[in-house]
Structures are given as C-alpha cells and as structure tokens.
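Letters are used for the chains, namely A, B, C and D, taken in the order the chains are written, and counting of residues starts over at 1 for each.
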Amino acid sequence: MKLDEHYGKRLLAKYGVPVPDGWVATNPQEVHDITERLGQPVVVKAQVLVGGRGKAGGVKMAKNAAEAEQAATEILGMDIKGLKVEKVLVEKAIDIKDEYYLGLIHDRAAKKITVIFSTEGGVEIEQVAAKTPEKVIKVQVGIHSGMRPFIVRRLAYESGLDGEAGKGLAKFCSSLFAAFVGEDATLAEINPLVRLGSGEFVAADSKFLIDDNALFRNPKFATVAEAAEKGTDEWEAKQSGLSYVGLDGDIGCVVNGAGLAMATMDMVKRAGGAPANFLDIGGSSNPAKVVKAMEIIGRNKKIKAILFNIFGGITRCDDVAKGLVEALGKVKVKLPIVIRLSGTNAKEGREIIGKTNLITAETIDEAMQQVVKAAG
Amino acid sequence: MAIFTTKDTKVLVQGITGRDGAFHTKGMMEYGTKVVAGVTPGKGGQEVAGVPVFDTVAQAASKTGADTSVIFVPAAFCMDAMMESCNAGIKLIVCITEGVPANDMLRVISYVKRNELRIIGPNCPGMISTPGVKLGILPGNIGKPGKVGVISRSGTLTYEVVDALTREGMGQSSCIGVGGDTFIGTNFIDCLEAFQADEETDSVVLIGEIGGSDEEMAAEYVKREMKKPVVAFVSGRTAPKGVRMGHAGAIISGSSGTAESKIEALEAAGIPVAESPSQIPGMLKEKLQ
Amino acid sequence: MKLDEHYGKRLLAKYGVPVPDGWVATNPQEVHDITERLGQPVVVKAQVLVGGRGKAGGVKMAKNAAEAEQAATEILGMDIKGLKVEKVLVEKAIDIKDEYYLGLIHDRAAKKITVIFSTEGGVEIEQVAAKTPEKVIKVQVGIHSGMRPFIVRRLAYESGLDGEAGKGLAKFCSSLFAAFVGEDATLAEINPLVRLGSGEFVAADSKFLIDDNALFRNPKFATVAEAAEKGTDEWEAKQSGLSYVGLDGDIGCVVNGAGLAMATMDMVKRAGGAPANFLDIGGSSNPAKVVKAMEIIGRNKKIKAILFNIFGGITRCDDVAKGLVEALGKVKVKLPIVIRLSGTNAKEGREIIGKTNLITAETIDEAMQQVVKAAG
Amino acid sequence: MAIFTTKDTKVLVQGITGRDGAFHTKGMMEYGTKVVAGVTPGKGGQEVAGVPVFDTVAQAASKTGADTSVIFVPAAFCMDAMMESCNAGIKLIVCITEGVPANDMLRVISYVKRNELRIIGPNCPGMISTPGVKLGILPGNIGKPGKVGVISRSGTLTYEVVDALTREGMGQSSCIGVGGDTFIGTNFIDCLEAFQADEETDSVVLIGEIGGSDEEMAAEYVKREMKKPVVAFVSGRTAPKGVRMGHAGAIISGSSGTAESKIEALEAAGIPVAESPSQIPGMLKEKLQ
C-alpha cells in the first residue's frame, strides 16, 4: 500500500530522519492558520498518491498566510491524474542548497535491498538514469548487515560529494534504512533529498510503499488502507477473499488463480472481446465467494456477458457450480453466462450447470468464442 | 523422477495439524510421496493420517530421516519455520504459504548459506515429479509421467498447461510452481539449469507473467546455455499498468516487467511464445522434431 | 577479560535479564547492613574470577544479618585456588523451583555462536555432557539472525520443558543473547539458571568473558581490566606492547612472535631446562621494547640465564641487538645471556652483539644447549 | 604459483596510506606482486610507491581489475573494509590486522556467501606463493621456489620452518599463515584441500599451536582424504593451562585444545610431529621417499 507524503514524513521523523515542519489541512482556512503558526513563507502541497503533482500545479509557494490560503483554494479539489485532491500539506519553506535523489527498494533479481543515490535530485530519476547512468549510484544492502559505512562511502565518493556532505548523507541513510526495515516498506523514495545551507540533510518529499503482506505486524497501516479504499469494489472484494480490479471492457470474468485470470483476460482480447475486470476467486472452494463475485460484477452496467473460467485443482468445480446456482438465485442476472469447468470434479460441476440455461464450454478456446459471441 | 527430488525423498510437513496441512498431507501421500513426519510445536506425540507429529524439525529429522520440508504454517511464522528447517539440516523446503512478508524472505535467504539448502516458494503450489513425489498442492490427477519439464510462476495456469500437455499425450518429468512473490528461493534459471542437467527431461515449458525480470533473464540463460527446446507462455498482456508510485523500480529493472518486454526477450532467444495454453503441445512437438 | 559475578549481573540487568537483588561489600559490617536492607535471608558469595568457590566454602547462606556478618568474616580474605577473596556479593535468597544450565559461547569450529542448555543445572556441566550427553542441548545461533523462536523451542522441547517454562526461557534467552552481542562477550554462562516458584527465570550466577579485541568500543571494561591487573608484570608488559606470562622455571625467554615464543619454551624444556616466562616482543623493531623486556625479566630472582630467540621478519635483528645493548647499559644484568639471531639483518645484529660478552648461537638447537648449560 | 593465487593475481591494498600499509606495499612489490591499487577513503587521487589510491574498493577494482585485497586498516574498521571488498566483487581478502573483534568476524563471515570470496586471516602474516606473489608481511627473502606447502597459525614460527626447509634445499610452493584468532576465514582444512589439489605441491608442513580443535580436525581430514605426505609441528607443550573460566568451552570442544590432544590426533593420523623446526626437513624427506 502507498502512504501519502505527509504520513511518510511522520514515519521518517519517528526514525530520526529530518523533515520540514508541516501540518496537513483539508480547507483553506486551516492552511491560513497553519501558515501563521509555522511562520512564513510556506509550501502548499497536494496530498495524492500519484506522481507528477508538481507539473499538474499541485505544489505552490506562498509568501504569507493570505497567499497560502489562496494556493490551498486552488489546489484543494483539483484533479491530478484522475485523483481528487482532498488534503494539502503546509510546510515551512526550507533553504535549499543542493537537491539529491535517494531511494531504497526491494531488488527482486539481487534478492537484496538496493539503495539508489544521485546528485541529480528533484527531477525524474529514470531520465537521469537513461541519459547519464554514471550519475545514478546503486549499491546492494543486506537486510541483516544493514547500511554499513562503506555503502554510504560508495554513494558519496562515486558521486563526488565532499567529505562533510558524505557524513550528513551517512546519518540520513542509516535512519532511512531503519525506517524502511522497521515499517516493512518495499520502496522508500526521497526526491528531492535536500541539503540545506546549514549542511543538514532534509527529506523534502517522501514516497513509501508498504508491504501488504506485513500488515499483520503493522496494524496502524490497516486503518490507512481501509480509509483509502473503503467502499470501492476492490475493497469489498478483498473483504471476501477475492481479488478484483475493474477495467473498461464489457465481458465480466470470474476465474480461479491470478495467473489463469490474467491469461483469461488476454485470451478474451485475442478472441476479439474486451475484459471488464480481473477477478480471482482464489484457491478455496467456498460457494459464498462465487455469490460475492456475482454481486460485484452484477453492479457493472457496461457488462454484456460473463465468463466463468475454472480449472479445478484445490478448487472443486462442483463447489463453483453450486455457488453459481446459489448466486443466480439471489442476484438476478439477465446477461448471458458462459462457463467452462475443467479439472477436479468437472463432471459433477457440469451436471449441476446442465440443469440451468447457462452456456457451457469444454475448452478454454471454445469458451472464448462463445462469450465474445454472446457479448457481441 | 526428475529435478530437486529422488524416489527416496522423505518429507516432513510443518504445520501438519492445521486444516490445509492435514488435507494436503493426505493428498501427497495418495500420490505416493513418502511423508514420514509432521511438525507442530506443542503437538509432539500426536498423529495425522498415520504420520507421527514432532515438536521440532530437528527431532523429526533425526527420528525419521526426513530431508525435505513442505510448509503450511501461517505467514507470520514462516520465516521461523524455514530457518528451523535450515538449521536442522533439511535440504529442500517447499513453502506453500501465501502472504510471507518480503523482509522475512530476505532474512531467510540471508540466513541460508548458498548450496546448503534449496527453497521453493513461498506462495507457490509446490512441485510434482512423476510418478510418486508431490510436494505441495498441485492436483496429482491431471499430469502423467513423461519428458516435459514445466516451470511456472502461477498455480491454476500451470494446471491448464499440464492438462493440455497430457491431453496431447505429452507426459511430464517435473512440474514446478516457483511462486509469484518478490523474493522467492528458486527462480526460473535455477529450474532451467536443473532441467538442462536432468536426463529424464527432453523439453521445457516456461509459464511467466508480468512483473520483475525473471522471464527476461531466463531468455538470456536459454539462449546462452540451454540445449533442450523451450516453449513459453506469458500472461498479463491486457493487465492494467496500474498507477505507478516512485521511480526506483524502473531504475533497477529498466524496461523489463511488461508482457511485451518479456515476449520480445523470449522470442529473441528463439523461444516460441504461445497465445493460448492449447497451442503449447503443438509448438513443443514442432521444436522436438 | 573475565567479569566477576556481580559485574556480570549488572550487565545482565541492563538487558532486562532478571537477577536477584544484591550488593557488593568489602567488609563484614557492610554485609550486615546490606542484609538488613535486603530483608533476610541472604546468600553471601565470594567474588573471585575462578570456578569452584562453592566447594571451597566461598558461598554461605545466612538467615539474618548477624549470620551474614559471620559468613562474610569467614569468606573475606579466604584463598580460593590462589586468589584472595576481597569482595563478597550479598544477595536476597530466592525461592528455587528448578535449576538449569544456560551458556552462550563463540564456537570456533562452527563459526557461529552456540547456545547450550541443560535441565541439569547447578552442577559441573562437563560431567553432565560426558555421562548423559542427551541432556545437554546445543544449537547454533547466527549473530545477525539472532535468538530465533525455533532455537528456544529446540532447547525447551528437546529437554522436556513444559510450554509455560519454554516461554519464560525464550524471554531469558533473548535478553541474554542481546547482552552477549551488545557487550562483545565471548562466553556468557548462567549456572544455575533458576526457575522460581513463581515461574520466573532468574540468573543465580553469571560468568562472562569479554572479547579483549573489542575493548576499544567498550571502554567501561578497560578500567575493570586495569583495576584487576594493574601493577602486575603482565600489565606492565602490556602497556609497552609486550605479551608476558610468568612461569616457574629459571631460564628467561625473550622471543618475537607468540608461536615462536611457545615453541622456544617447549624446546628449552626438551633440552632439559625450565622456562621462566613467556615473552613475546611482537612484530615491530622498537629497541625500547627490548629494554622493557629486560627490566621485567631482570626482576625475577629465580632466573639463572636468559635466552633471546629472534627470527627477523618484520622485526629487524640489528634493532633487537641495539635494544639489548641499550638495555644492558641501563639494567645491570649479571646473568649469562644467550642470543640467537636469524633472518632479516641477522649479520648486522651479530656484529653489534660481537662487541659484547654475550653468547651467540647460529641455530635454535645450539641456542638451547648453550642456555641450558649456562643455567645449570 | 600454487594455491589461492595465480601469476595474474592483481592486488589492491586497503589502508595503503598508513605506515604499515605503505611499508608492506613496497615489500610486496619488491617480491614481484602486482599491486595495482590502494584504497583509503578521502585520499583518492594520491599515489603510494607509484600505486594509485582510490576512495572506494569498487572504484579501485573497476579501474584496475584488482581481484585480491590485502587489508592493513585499523581493527575497528576491518569489518567494514572486508564487507566493502566482498561487495565490490573481490575474490580473495588477506586481512593482516591484529585485534579484530570476534563478533565483527562473525558478522563478516555471515555477510560473505560461501564460494563467493575467500578470506585469509585476520591477525595473520598473509601468504607467499613462490615466485612472485606475496600477500602480506611474510619476509620474502627466506623462502625459495619448490614443492612444499606450508600452513601455519603462527608468524615467526613459520619463518623458522621455511628457513629450515630452504637450508635443506626444500623449496616451497605456497606458505600461508591462517591466523590465530577464534574466527578466521580460511582454516587448515581449506588449505589442505587446496594443496591436495595443487599440482605444484608434493608435500605439506602443518604448524599448529594450542587452543581450538583445528589440528584435530585437520588430522581427521588428512587421514581420510590426503594423498600427499604431511609433517606437523605443534607449539605450546609447556604453555600454562591458565585459570579456565566457565565450562561451555569444554562442552563444545571436548578434550581437544591441548598440545597433547593435538599431537596424539596428528600421530594417530600418520602425521609425524617434530619436536624442533630443524627436524622437519628430515622427516619430510623420509616421508617423500
């Protein structure tokens, strides 16, 4: 899950990472008051979980409380890449001497944490990496051995920092690493990492991704996740053990297993159709899941046909069939439904379906043709 | 028998007294697997499906000679379970459990010294070597003995492919689901190396999906080292790109990760990429001629 | 370096390891007062850096302050294996339910830390290991991965502890491991580890060895080490970069390198002599070291002859010869001195020695015969 | 050339600008060693004895192709220096520094994955492979090229033995001082394995001392695996036992550790144990006949 800038900075502060003084506000009046409390000037920054807010006009400098209030009026409610701005962060402006980039990330191929540093901060780091790769220093960090001095020496010397800056960077990196591991982040990105006139390193921005698998030991994030997602189809699906992502097409898909669900969408497209969603009912055989899946899909008015693609392994095809029959009793669906059952107890499943007016298919390719035809 | 296992593989099940552990212990035994012990702390002395339960892996291994562990314990305890098996001298761990924190896997990988122990998973369906050794939850009834090796990041998609192969008369040597998490113990290249060396395998099907760069690296490996025919399938061509947050991922993985990148890399390495699982047996037959 | 029981327990307490209430005293009156403050009964324990004090009468129970004072009178000044008792620890008596053994040690062969546990506590654990090895459970612990739950489960289940005791042991082990690593111990031994009637685990004794190589980051121990050793020849030698251990023989040895120094002692004995000391002047070529070495050896009135055995590598033989000549100018030595120089600048060294009346030898075997003859 | 090195071994010196580092850099170069770089943080751009100094090992290795590091940095910084070399892809580290905390070595050993990197030392004189590669502080002038491998836990005692061999016309292939600390990177068995495999070595001298059980384990290894003659020397027969504190040591090492135990084990394995270094060449000649 993503953390907004403000929450990320609160975490950083907990680990001793210096961040600018700042407060979150949800209306211009609050912004006015905060600016007076902080002392002028300030920066007013849109809190949205997406990059590129600067270019979109979501970050504004303000010399005084009146300007800050005006900036907040412009930013709050703004749409940035489809997300509405509901909060702003008001921060005391800082005396920027240099801007750097610092990132920590789970590196899949290396099976390590990788730290990335560049003196070219405040810009899109991919572009720096593409044009001047020598300006992006990457070093692997062991989770147990940690942010050892030699690692920061590499970052500093290989990018030409002076000795004093190197010391400041070392302290910052250690604290950031502690936050990364302590909060089970999968990504922590500080861009720009700012060196003040005083020499101190300060996190001027923060991007955090937290490992969803570790939420059981970080319960504080669970409420954040809930607040951000509650009420969405994705969230409702998750509560029932389903995995759902809405798309633009007109063929609803219900599949067991993420890989097969993705492959099903691909094959729908290949057959000339357009998938309306990704929906993985998972590995278990609980008919209630099928009922919930039909409920969620049933709400999407764009859908013209529904495809069930079930390969029974641990999932039993007869359970899915039972769930579907039960669902059709509860949720009135007038759309054509194509169902393909294969694997464990497929025969029993087909017998149950045979008593309904659903369209059955033997193979996956046959199912695709039928559902695209039904939707057309 | 094919990769990572032998007909003498002796299995203990960590979390055997749980619902899933008990259920799949029976499934593994029905397939012919020698499940010799179970481990659940505090339940030593019990039995599950006739298999004796021990409090610790060390006790189980020393009393029964188990050399392989299949793990069904809850995600929060998987790190400890894997370290325990490593410490007790287990040679192969298959961790079925879903939801293991990435940092825990980093800790496990750091704990395990290279060459001492192989881990498959976590968050994987396990593996089958036909006939007789099933480690995990892959359904045992859709495959048949033969010479095709199957490697996959996905569960049900694997069944789909195995089913397609079996229908066309192409049996399998080993089928292995490596798991989809960020940090996994055994990746595509490890499996390809093993299949390359395995005398009972004559060809390989590789089932990839979007994310990471395992497919790209596997393509490179195949081009450089692999003498046996390989056919691939990649799911996720139509998957939404998602709202990406942060840029570090792009820096360490470059342009890899998309279905397009993977398919391009595989085809450039001479690996045909099927558009439907049903095409795979035909493509493989063509390559084998 | 060794820590006495009392200091070890202070360290343990810092890491949250439960220890009995107690105070150190150096005279019986103090013991009386401490006993009244703690509440009766108490145990009075000799603080000496050697095992076997219990058998030697250095540990006594006391029901009240008068008895404690009497016990202290008997223990203070006692000689235990050659060490005079100068301090006692007065501890509140505890309600012992079970006695266990718990040890952590650097395991050279495994390149790990090994934890050792036995339900047979309070006795000599080597004997338990010899007679009933199945009662001594050993598990390796990684310094980075630490005292993982499975490790304590092995200790507990394999020695037959119940679940409740296992939980208490887990907490104790974690704290002890933190102390071991945090204080750079090479050995930490709790024998007996006591389980109280209340179920709590308490360290009834403590033995700590601290890594001398890590004293630079644990400066607090340096003062302890100094207090224990100050004024001894060993301590004086260390201040000058020499390594010295006094022995019982009559042939003084001055050698460069620990291995060669040990081998020299062995060869003195083989030639029929008895070495008076181990003395390693180390790898550098500082003549001042030779002067200090002669000073220390010169004090030992038992010595009848002195052997210099120098193999020049980094050490230059002419430097040693110069130092010796300088030393003989400052320290009047009437004993016969046999000197063998070989390796780097041996010729130059021999020329310097040639101007004195010292006995020179070409080979090590020749040197042995000469020095044994000179001492006889 | 013999074990762990080749004639192309390219060396960087960590701590080259220090007194000992600079002095022994010259000594190594005089012996013929290819010292291609030095590393001292903050002193990048300087030169020592004509060798360029870099700020980091990674820079030094990538600019010069160095594959071996000899470490002279103060004890407090050795852990970091070793990890830095490992991270930069160095294949062989020789750590001369004395006084490295045992816990730091445990951390280094845990950091280094098996087979990726060999560490010799710390607290060791290093090694010489005749002619032309000297890593560390062993005097280069007492040995001569030949076929005897020398392994030792001690410094000057090694010189004594090498000198005795050279005097009797028995040249050496490699001489290696493994160091005397509790935790060392390379032990007797590692060296014996390497000498067994080395075609330019026909016999081995093993110089042990009291403490630990390396000699006992080496004896077992020689008995089981070693085809070449081995002669030993053990110092410390007359060393005081010391006032032992605690009992855990006795439990993990049993009765090993004394000179008697070591000599007994070595002789039981058919390894003659000399009473004086001067006896070694004769004993070796006898075994070689």
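List of remarks:
Methods note: contacts are C-beta pairs under 8 Å (C-beta built on N, C-alpha and C of every residue); 3 or more make two chains touch, one makes a residue touch a chain.
Computed from a predicted structure; not experimentally measured.
Using CA-based centroids throughout, the chain positioned farthest away from subunit A is C. Here B-C and A-B are compared, and the pair linked by more C-beta contacts is A-B. Remark: subunit B and subunit C have CA centroids separated by 52 Å (rounded to whole angstrom). Separating the CA-averaged centres of subunit A and subunit C is a span of 58 Å. For this pair, subunit B with subunit D, the centres built from the Cα atoms lie 42 Å apart. If each chain is reduced to the centroid of its CA atoms, subunit A and subunit B end up 27 Å from each other. Each of the following residues of subunit A touches two or more other chains: 142, 144-145. Subunit B has residues 107, 110 in contact with two or more other chains.
By the touch rule above, subunit C contacts subunit B in their complex via residues 139-140, 142, 144-145, 148-151, 153-154, 157-158, 163.
Contact residues of subunit C toward subunit D in the complex are 2, 49-51, 81, 103-109, 111-114, 116, 124-126, 129, 136, 138, 142-144, 181, 184, 186-187, 189, 191, 207, 209, 211, 213-214, 216-217, 245, 247, 255-260, 262-263, 265-270, 275, 278, 283, 311-315, 342-344, 363-365. Subunit C contributes residues 144-145 to its touches with subunit A in the complex. Only residues 75-76, 99-104, 106-107, 109-110, 125, 137-139, 141-142, 152-160, 163, 180-183, 207, 209-210, 212-214, 217, 233, 235-240, 243-253, 259, 275-278 of subunit B touch subunit A when the two sit together in their complex. Across the complex, subunit B meets subunit C through its residues 41-42, 44, 55-59, 80-81, 83-84, 87, 107, 110-111.
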